[in-house]
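Got some structures for you, see below.
Two complexes are shown next, each including subunit A; its partner changes from subunit B in the first to subunit C in the second.
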Partner chain A sequence: MGYPPEILLEAVANGLLMGAVYGLVALGLTLVYGVLHIINFAHGALLTLAMYAAYVAHGAFGLDPYAAMVPLAGLFFVLGYLVQRLVIGPASRGDDSNMLLVTLGLSIIIENAMLAIFRSDTMTLRLPYAMSMVEMGDVLLSLPRLIGFGVTLLVALLLFVLMTRTDTGRAIRAVAKERTGAALVGIDVAHIYAVTFGIGTACLAIAACLLLPSFYVSPRVGNAFVLVAFTIVVLGGMGSVTGALLGGLFIGVVESLSGLYFGDSLGQIGIFLIFILVLLLRPTGLFGARA
Partner chain B sequence: MSQIALSRRQALLAAPVLLSAPSIAQAQPRAIKLGIIQPVTGALAQDGEYGRIGAELAIADINAGGGIKALGGVPIEMVFGDARSTPDGGVAEVEKMQAEGVLAIVGGFASPICLAASQAASRYDLPYIVDVGVSDQIVTRGLTNTFRFGPGFGTVTASALDNLVAINDAAGKPSRTAVIVHEDGLFGSGMARLLNAELPKRGFQVLETISHPTPSRDMSNVALRIRALNPDLIIPSSYYAEFVLLSQTLQQRRIRPKGIYCILNGAASNFRFVREFPEAANLVMDCNHWADPRKAKTAELRRRVEAQGRFWLYNVPLNYSAVMLFADALERAGRADRGALIQALAATGAGFDSHIMPYGPTQFVNGQNQGGKPVNTQVQNGDIKVIFPRDFADAQPVYPVTG
Partner chain C sequence: MTARETLPILGFLIGAVLVSLFVTSNVVLNFLVFTLILAIAAQGWNLLGGYGGQYSFGHAAFFGMGAYVSAILQQRFGVNAYPAVAFGIAAAAVLGYAIGAMVFRAGLRGSYFALVTLAFAEVLRILANATEITGGAAGLLISLNLGAGNLQFADRSSFLILGAVLLALAMLITLALEKSRLGAQLVAVRENESAAAALGVDILAVKLRAISLSAALTGAAGALYAQYFLYIDSNIAFGTWISVEALLAPIIGGAGTVFGPLIGALILQGLSEGTKLLIGKIPGLDLIIFGVLLILVVRFPLHRIPGLLAARWRGKGAP
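Right, the complex of A and B next:
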């Protein structure tokens, strides 16, 4: 059926807003892939952990998810750093495929720990602004999603500055390109690995705080986002930060429009159709220079 | 020291008396054990918790009223089991209760749990009274131990459609078009199929049928489609979280149909929803289980539940009534015997009046109470009122919704 333009516009706007948060989740995944050359299987579980952390911060300390964003990002950076430095790094013994298995093991441990602590019920925060809308002409936009969109753009900008203007950023790019060469010029590769993993995890903490006002949390909730994030990483190009952000926005719009035309049950098909098409026609992704 | 000499013949004569001693003790037990199965952990924990409250209140009332008089005033003792929101959990509890020697079991809540648990109970000829489970299959398997006091799916949906036509006609037929929104599982899809077949026969045009997964991330798309279609009626079949999300999204986007008409909805007859989201809930109609508002006992029970800081949910009156049915049948059976109890349950008639449901005269056919019917409720200014049928109503329908 045909929809009037204002409804299509609203669906596209909704998709862009949702897609920005998808992009943020994908950002962490693609960064870790770009530098460590592994798919972080614990990404979804770490997102879940971050969402529970934000939930508990609200319940125990009365901290609004937006106020908790900066402290949680810091906390999760440290957590990610330590996990890579003390668990994944040593356990992998220099072998990438071992790293993959360690992250898989971590995800199982985190998920089941959450299940044991919080049980399987879904939990939601009730915040006064959760259902607030912003009117832009004919288009109604959800306030938490608009905030999510803005924060994601800000995080992407900060990450871009970090990668291009700082020594740490240069070191990360050097390690990503040539690990041995970077080590030869005095870069502490293990430290840079851990910093990258920390940044990826901090992105998740921010995404969790952005999601929580309008979304529920359950022990397996992270997986719903990571599957989409993985598609975005493939679409944007493995390791490309710009690709993750633009890919996220694109996937958000595809999901929203296919949901509008085929219903929410079938809407997911659009995303996975793109996943297969990209793998078939352009395996490096839209922005992926390196395969 | 004298010894009582017992000849072999005397011993043989005494044997039946001695052997029958336990059965005399069994006929007058200190308490009648009644199994209550509810899912109080897992996805259905909220419903299970309220089912348990209903059963506890009924047992308290029966015991306070002097217990089971036909058995010399023995009290009822609850043996509680957590079905953990799964059929397996329900079956495991039936086995435990059998080992504990319960006389009957009440509860189950969800259809899959009721199906599995009543089947397990049938192996021991253990009477099983279903509290909520609406699947028609529950009473069509030929199990003689299984009884359901409330209405099944077929009865509920037929009543829901008839009542919709009656309410719409009474208001001057303001609605002619409808959009069906349903969760894509067994419950929602089955309901959507049935509505698609039946609504056109009753003069309603189904503009579109929109499905959504459970859980749903977002209802914006559903709301956008509804806005584009602009139907007179929205008929949703979803579980609690998704219906709350849908009604909030509709309210947020200022989509105001002439009516939101739910059937067996997880939220529309739930005071938690009404209290937490009063604006989104206002004027939503539902065809569902509900207590008879005209009975004095209903108001009293509601006060007792609310005094515990709990909401008034239909699980309470349904379980209360199911336990009352057990007690009524036990009085008529006159002995704590499973076979006699099953016969008495099957023979329950219009004389059973200690329940608080808005039903016609009780009569069981193949375990299903023929008097069991749903009613239409509507959220009106923070309260849930019965608006149809008129015999049971405590408020007029606010329909069509304007403004």
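Right, the complex of A and C next:
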């Protein structure tokens, strides 16, 4: 329709690559939902925080975002653990609407702390490889996005191993399925909640390092991702890890194509409309089965 | 609703009139008018969220609808301000009903309801930013045409009285709702939806009435905002700031009480101006304090005290 096949193919391919990083952002969100049954409104703000952390790591220590990935993931795991253990857990006392409000409060604090420190300017890292392209057949692919795709798959694989092969993973799955039963057999539920939240936050740190070479940072940048991530999570089925990855790829392609046809500002509407339609028509998601 | 129960609202009105007579500082008047606009928007949120337990994260949709419809009718079609504002309020109510009909029929509640309302507000913001009739990204100016007949006043104290009268009306509506059958059903839905349904409450009808009324009040706040500042754009009218403040004020001041939204709006705006005076203008600092306050209020629900005191003063049967 109007565009030659190479351009369409390129848009789809780049959409898939971007979608993988969306999937990684959504992975953290869906994991937290699946286990803690909370919608973490602070997810976008935590992503913003991670992007600033990677930005500062580059500015202050000369650390390449890809080199900062592992230390930042560790740091953000601890941060997420503490936030859940010390703030969200005690303040919400297990009540659904309290959790919504507490995570909303957290997101307001983080976003505006970044605004107070860094002001509202958008900043970009000027890395030599940011604009590098890789040629694959007829299609030009962005190198940072290609790396992002690969790392996302690796992280998903690691998470799969963690969830199926380790005691912690088994405990997380037990808590997700039956909290009271898990507590009865001696699992420390508060600890598992915090670990899960920490893993979700660590996913964000990795996503931030993958985004930074090709994406700008600003105090509100997380908002651009958070509704996208919610859309993916709803689309893939709340709590479903595979759903998050597939949903991410799908949304990446939708965004890329609607940007091509409708321009960038109206292109965003496509994602929100998908979000509203899925919630209205099939709130359990396209891939998920849980109620 | 007895005469005694309306006394605090009357007291508030008399106080506002006295303030408008004796306060001349434009800074103070400006602060108070803005607080009243927020309190009206928050009262709208309170009807649905405080009494009905349906936490909307997207009341900007209704605020913006009231503001834009009223401004577009005046500016593009030369309609007089009074019918324009009335149409703005009606449009917000219709939008509320339409969103409610879709969302509540689909059975969305809790976090899902919060998310979907947020998405509706964002869709409207993007549309308002991209279409011609709304003035697009440049926004929409209402031409200056002073006079009570055009609902434009040169002095801020007249706006203070206008805002106070509107808020008093909103509080009377809330009080009437509290005492009505609908109010009781709404609280029943908040406390336990399945139990309410089992007792024969028509859940969908109750929620739809609540969201329409709620949207109308918040839409009125939007129309008043446009009338006061004579300028709106998509980030003001449909921006997340108003969704967040309309939710924060009642929760901090006491959700599900008549005076909660006003008390909360006063606390929020007071804190915001206070930090600017004390520490200087650091962007975002006041909002950081709002965020901390929100978490503390959820953690230690002492904030209900002012609302409870007001309820007790109003008469027996305090919640």
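Here is the rule we use: the second predicted complex is superposed on the first by the 288 of 291 C-alpha atoms of A that agree within 3 Å, B and C clash if a C-alpha of one lies under 4 Å from a C-alpha of the other, contacts with A are read in each partner's own complex, and residues count from 1 in each chain.
The definition used in the following text is that a contact is a pair of C-beta atoms (placed from the backbone, for glycine too) under 8 Å apart; a residue touches a chain by one contact, two chains touch by 3 or more.
Note that this is a predicted model, so its numbers are computed, not measured.
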>> Should subunit B and subunit C be called a clash or a fit once both complexes are overlaid on subunit A?
In response: fit
>> I'd like to know which partner A:Pro219 touches here: subunit B for first, subunit C for second, both or neither.
In response: second
>> Applying the document's definition of touch, where does A:Arg119 land relative to subunit B and subunit C: first, second, both, or neither?
In response: both
> Which partner does A:Ala11 contact after superposing on A: first (subunit B), second (subunit C), both, neither?
Replying inline: first
> Is A:Leu140 touching the first partner subunit B, the second partner subunit C, both, or neither of them?
Replying inline: first
> Residues of subunit A touched: more by subunit B or subunit C?
Replying inline: C
>> In the overlaid three-chain picture, which partner chain does A:Ser256 touch, first (subunit B) or second (subunit C), both, or neither?
In response: first
>> Rounded to whole Å, what minimum CA distance do you find between subunit B and subunit C in the overlaid structures?
In response: 5
>> Quick check on my understanding: which residues of subunit A belong to both its subunit B contact set and its subunit C contact set?
In response: 119-120, 265
> Given the complex with subunit A, which residues does subunit C contribute to the contact?
Replying inline: 53, 55, 57, 102-103, 106-108, 110-112, 114-116, 118-120, 122-123, 126-127, 129-130, 240, 244, 247, 251, 282-285, 287-288, 290-295, 298-299
>> Could you list, by residue number, the parts of subunit A that touch subunit C in their complex?
In response: 38-39, 87, 90-92, 96-98, 100-102, 104-109, 111-116, 119-120, 219, 223, 227, 230, 234, 265-266, 268-269, 272-273, 275-276, 279-281, 283
>> Under the definition above, what is the set of subunit B residues touching subunit A in their complex?
In response: 41-43, 45, 184, 210-213, 215-218, 220-222, 224-225, 227-228, 241, 248, 251-254, 276
>> Under the stated contact criterion, what part of subunit A meets subunit B in this complex?
In response: 1, 3-4, 7, 10-11, 14, 18, 119-122, 124, 126, 131, 133, 140, 142, 215-216, 218, 224, 256, 259-260, 263-265, 267
